[in-house]
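Encoded as structure tokens, the structure appears first; notes follow it.
Letters A, B and C mark the chains in the order given here, with residues in each chain numbered from 1 onward.
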Amino acid sequence: MQSMTDNSSHDGESSPAGNVVEFRRVSYRAPNGQKVLQDMDLAIQGGETLVLLGRSGSGKTTSLKLINRLLQQDAGEVLVEGKPTTQWDLIQLRRRVGYVIQEAGLFPHHTISKNVGVVLRLEKRSRSEIRERTDEMLRLVDLDPAQFGKRYPYQLSGGQRQRVGVARALASDPPILLMDEPFGALDPLSRNELQQQFLRLRDRLQKTIVLVTHDIREALLLGSRIGLMESGTLIGSYTPEQFKVSDDPAVRAYIEAFGGC
Amino acid sequence: MIFKKLAAPIVCALIVCSSCMPQHHDRIVVASKNFTEQAILGEILAQYIEYRTKVPVERRFYLAGTYVCHQALLAGRADVYPEYTGTALTAILEEKPSGNEANVFQRVKSEYAQRFKLDVMPSLGFNNTFAVIIRGEDARRLHIHTLSEAGKYSPQWRAAFGYEFMERPDGYAGLARVYNLHFAQPPKAMDLGLLYRAIKDHQVDLIVGNSTDGLIQALNLVVLQDDRHYFPPYDAVPIVRQDTIRRFPLLKTALDDLAGKISEDEMRKMNYAVDGERRDTPVVAREFLKSKGLLQ
Amino acid sequence: MLHYILFHQREIGEATLEHIWLVGISILIAVAVGIPLGILMTRKPRLRTAILGSANIIQTIPSLALFGFLLPAPWLGARAERIAIVTLALYSLLPIVRNTYTGIMGVDPAVREAAEGMGLTNGQLLFQVELPLAASFIMAGVRTATVISIGVATIAAAIGAGGLGEFIFRGLAMVNNQLILAGALPAALLALGSDLSLGWVEAGLTPPHV
């Protein structure tokens, strides 16, 4: 179903240089003192799409936010491209890591074109380059720049807004893409459409992608690897095929609780 | 982005506006309290000072009472204002309301020079004492002329005073004690100008105004005699900052010229011209100065 | 009445200008102080109660008392306008601070998270996202403050700061309604006019949404 070489990444520490993102015994406590992550290890290799799957409160979104340092761990290390996030220049780090969230988070006071070009403008690219790149990104997500470029976010449907969110995250061509329940708020039809589009983009762009979802079907469809999370740690990582037939009790329990396949 | 664009104009506007704030040291500021007589006296002082010294005069009239005027002089917001010796003695120096005219003037003059570096100039010529006032019809009906006679009727009356009179040591508390006044309700405090309206409209029956108020005659009111001499003398005197006199020596000459020029009757007429005949304060002041040959 | 206003046209015009000047400067100061304070509150939540509390307390002090407190203050006391401007600015602080704070806090958390995730610096987040989205709120605060100040500024005449209040106090002293109206009427028109025009600016600053 997908092109990446299958791998067993449980022994991640043996080749840290190959890992684009790596968690080493990471713990995180919420500001209210509650433990969210506990001694979590994780290794993500270049070009793979890792889906973090788990019920709400299992720590998937927190893990995602540790990668672009929207949150910072209390213990352990998170490495991006081999360098601890704490040693990255924060802005540099975030420019290397595209970020797509559930409600897209488009700037309501900017047009669609302006929204897609935000990072390009911050990087002081030339006007013509920004326009070119913005149009290219919109076409990439199947939105006609001439038709949508001048509109405001409120004039778009939820699915269209989410596509703009993806276009915006990809505009500065980051090698890593983080997606937090990107299709969670959409109706089934748009979700399906965007999932298909995601697969096309994934194969074309060869990014390293970390995607968070609680939807098993989405995980099986989109992931090259599925990381199952429970109570603040990663309890296993599987290819979709392995996941379906696994007799690991945690996997069975999740499949039973959240709709079989 | 809007705010980046706004920031510069705001800062510029602040700088421009603060620099166009008029500078004080090239002019003389005349202040007055917030009743008609004070505005007329302020206008007389202002016009004559301007004429005599050729220094531009700024007017700051209708300040909210003695304290505000006194503070204005101390802080240098104003240079001159008309005051009354008895008021200076009791409200500012907080001394007992006693003594004759010359005695009170001397005490106030030396204390002001010592404590505040303010000069008390010679009296303008009249004594504006507090006037306890009732309606003429009541006075005739009850046959009363003095405060002593009023005591026994006071329980049927409602009274109103200005804010200052309620508080000052030569004010209501002492007056009530000396003349044994007890009113139907606790006296109301209100703006000086509203007192006359209140007694005219029968909202109250007794007010305390000033003996020179023009409206006393105009509204057919009667002043009760202070037969036990409760009130000290209140000679009208200009008070001036000593350092302003040093800067503009002619200011002292100008104020000396005005000494003794205004009689109690003249003051009352001017007050009436403004309050009763609705004439403009500056016009009334100018006519008076001309009639005395002080202005051309 | 009309006759009276026409007759004193020049005097009333000057007082009106003085009034606008007092209110204008104090609002500029309140904006220059209040917006940063409002922003500070969104960044340091601990200061929130302290800042809002003080602004609230100031608002509850009667204006004449506030004028009175400042009379003996050094430097400020040297000119009545300074006292008036500081008092008016203090009064204007609360609506501006409060609206800046609620305006910024009202920005959709998803928008803020997306902006941070894209690597906007704190300053870029503030100037490119939060303030533009909060602008109409802030303007509404400025509008409230202006209307309040135009009213309070009439009382500034009691300490000799000039403005339209002088007619009101003069009218009170002379028991003359025409004089009172000569001050009150332009003040009311001024308040109405600034309310309308600032409301128009506010509408222009409202970002497009549903």
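Observations
Methods note: a contact is a pair of C-beta atoms (placed from the backbone, for glycine too) under 8 Å apart; a residue touches a chain by one contact, two chains touch by 3 or more.
All figures in this text were calculated on a predicted structure; none of them were measured in a lab.
Between subunit A and subunit B, the least number of touch steps comes to 2. Averaging Cα coordinates per chain and for the whole protein, the chain whose average falls nearest the overall one is C. At the far end from subunit C, in terms of centres built from Cα atoms, lies A. For the pair subunit A and subunit B, the distance between C-alpha centroids works out to 79 Å.
For the pair subunit A and subunit C, the distance between C-alpha centroids works out to 47 Å. One finds 33 Å separating the Cα centroids of subunit B and subunit C. Contact of a single residue of subunit C with at least two other chains is seen at positions 128, 132. Across the assembly, subunit B contributes no residue that touches 2 or more other chains. By the touch criterion given at the top, residues 68, 70, 90-95, 97, 99, 101-109, 118-119, 122, 152-154, 165, 168-169, 178 of subunit A touch subunit C in their complex. Of all residues in subunit C, only 108, 110-121, 124, 128-129, 132-133, 207-210 touch subunit A in the complex they form.
Of all residues in subunit C, those touching subunit B in their complex are 21, 24-25, 28-29, 31-32, 35, 64, 68, 71-72, 77-81, 127-128, 131-132, 135, 157-160, 162, 166, 169-176, 205. Put simply, subunit B touches subunit C in their complex at residues 1-4, 10-11, 13-14, 17-18, 21, 24, 31, 34-36, 39, 60-64, 67-68, 71-72, 74-78, 191-194, 196-197, 215, 274-275, 278.
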